[in-house]
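Contents: one structure, followed by commentary.
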Amino acid sequence: MYRVAGWLSPWFGSICLLTLVTGLYLGLYVAPADYEQGDSYRIIFIHVPAAWMSMFVYVVMAVSSAIFLIWRLKIADMVAVASAPIGAAFTLVALLTGSFWGKPMWGTWWIWDARLTSELILLFLYLGYMALRGAMETPQGAARAAGILAVVGVVNIPIIHFSVEWWNTLHQPASITKFDKPSMHISMLKPLLIMVLSFQMLYFYNLMVRVRTVILEREARTSWVAELAGRRSS
Amino acid sequence: MTDQAPLLLEARGMTIWRGDNLLMDELNVSVRAGSIIQIQGTNGSGKTTLLRALIGLAEFDEGEIFWCGKPFFEVRDELYADVLYLGHKPGISPGLTPLENIQALCPELGVDCRDAVLAVLEELAIADRIDLPSAALSAGQKRRIALARLRLQRGRLWVLDEPLTSLDTNGYDWVREEIRHHVGLGGAVVFTTHQALSFEPLHVDSIVLGGELS
Amino acid sequence: MSAPAPASPPAPALTASRAEVGLFTLFARVYKRDLTLTVRTAGQWLNTLLFFIIVVSLFPLGIGPGPQTLSTIAPGIVWVSALLSMMLSLDSLFANDFRDGTLEQFVVSGQPLSVIVVAKVLAHWTTGGLPLVLLSPLLGLVMQLPDAAYGVLLLSLLIGTLALSFIGGIGAALIVSVNQGGVLLSLLVLPLTVPVLIFGSGAVTSAGLGLTTSMQVSVLAAILALSVSLAPLAMAGALRVGVAAGR
């Protein structure tokens, strides 16, 4: 596993870099400015992929936690533990960029928009997951308890999302749904999709690097890690 | 000795780390019907951890546990229905009376088990406490209440964590007699202890932890 | 020294496993046990109730006593305060049993742990949730809650606090082996309670405006049904982990 992850990571890394450069170029230079929003809309090339990934990573985390709880596959737990901070980072990026976007659009840094609120709650879920892991005394206990929490969380996310949407329509009948993009021009859509791909690769790249670290940490007492360390240092 | 006696609990390749301490490495334990196994060792050598790990109450790094030949996770409930575990914590809620505590831990006893409980508590010389709050009991008295379950609850395998701590000589003798009796009926006992105990004429298997390391 | 132990087949007394206990009997036993314990230590559930009252009465002090303002925010205030009180009291749901060793006995008892857990949660709700529900109209009165909203306030809190007990129970089970887990409990559980809060206070607000509330109440009931069916499994799993991880 360690070797596979090591072999895969440069591939993910380079695809990520490639798509990132293309996506940013197309998004920031080639795509035209928006009719209403001017250039400030361009932040969606960061915001939307980050928001999308924040959900995706949580699902990956929950699925691998479930695999770990059912089949006791240690590597699944390592994927979950490695994913949590990456997912939290994506969520934070989505929140910050959403806020930066909100300032020119709505004239305020924060608005209780349905999606932003959902992202905020998602961030709390990530933080709770990591806090629980940190609080448990034994590594096995931490893995299993956090796994249960991730699964409970993923069952809740659709419900939270639905309720926040409902709450939002109730309190803001004329809700600003600029995030909805029913008619997006192809020149804007293309860089957006490339950026989504790029963020995906960024996640996989980070995941591989972090999983390698986690494997080394967990297997620190085995002979192959000792050998590896010996070879590196000599 | 009695290799033909049915194998109840078996642990293979138990490896337990606590932090950077290797408590045990590839340890095998088999508990047969009619056997007594004592786990000895100094403080911090992992006696309690091993005892609890045998019935899934403690985490272990490597190893597998089998109950009557089947993997632990398939037969966990069958195992628990046949195990009587007395831990370091006696399981006595201070807010309840001894009778209520025993009823809570032995739901199969039925509502009118008072006489049965009273009889056992009389042997243990704490019958007069049966309806008083457990908060006022001393550590030794709490342990006696917990030990009463040895007589009241069924279970082929007894798993006892330091059953003799905070007991006086009478309590001590009572426990040894109970263990002898249980093993005579074909039960099995695993317990932890500081110093070796003898159950003449019965055979006792010992697992000594921590000795190899020092 | 090594006289062989009797290898005869196990005596009859030992072959029969423990007598079966009916699920309902087991439930009733644990429920009664927990109620007895709570009643004997009156402090705990009274504290929850007092906390509820005090938190609600802080809002007029912080915001100002204008009846118009209070009336608008009353549903939210009463609901948030009930939510916080529930979280505060859930901390002790499994903690005492963990400390004195009863919890590990439940885990190894061979009885279905999820039934035990449901009994404990319901006993906890009876002393920690139901009093909040019964007291809420009084606090509504203090907060100038519109007359039309009282029925829905009671109903939504009745369903809502039950759902909160089950959701919060998962958190309480997860942190059972953690020292000083109270704040962690809130961090874990509060995000999960958002839907209950939204639909609970939403229902009361709508009722106050004279609107229909059947949709919100049905969603609350659906959340309750979902948590009653799934939470016991999660709690039982979490308790097994906690007991194995704790000292």
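The first chain written gets the first letter, and so on, giving A, B and C; residue counts start at 1 in each chain.
Rule of thumb we're sticking to: a contact is a pair of C-beta atoms (placed from the backbone, for glycine too) under 8 Å apart; a residue touches a chain by one contact, two chains touch by 3 or more.
All values derive from a computational prediction rather than experimental measurement.
Contact count check for A-B and A-C (C-beta pairs in contact): higher for A-C.
Compare each chain's C-alpha centroid with the centroid of every protein C-alpha atom shown, and the nearest one belongs to C. Centroid to centroid, with C-alpha atoms defining each point, chain A and chain C lie 32 Å apart.
Once the centre of each chain is set as its mean CA position, chain A and chain B turn out to be 48 Å apart.
In chain A, the residues that touch at least two other chains are 138, 140-141. Along chain C, residues 244-245 each make contact with two or more other chains.
Residue positions of chain B with contacts to 2 or more other chains are 59. Contact residues on chain B toward chain A in their complex (touch as defined above): 17, 22, 59, 61.
Across the complex, chain A meets chain C through its residues 69, 121, 124-125, 127-128, 131-132, 135-138, 140-142, 144-145, 148-149, 151-153, 155-156, 159-160, 162-164, 166-167, 170.
Contacts from chain C toward chain A in the complex involve residues 170, 174-175, 177-178, 181, 184, 187-188, 190-192, 194-195, 198-199, 202, 219, 223, 226, 230, 234, 237-238, 241-242, 244-247. Of all residues in chain B, only 1-2, 4-6, 33-36, 52, 55-59, 77-83, 85, 87-96, 100, 103-105, 107-108, 133, 153-156, 183-187, 200-203 touch chain C in the complex they form. Note for the complex: chain C touches chain B at residues 1-11, 13-14, 16-21, 25-26, 29-30, 33, 36-37, 40-41, 96-97, 99-102, 104-105, 107-112, 240, 243-245.
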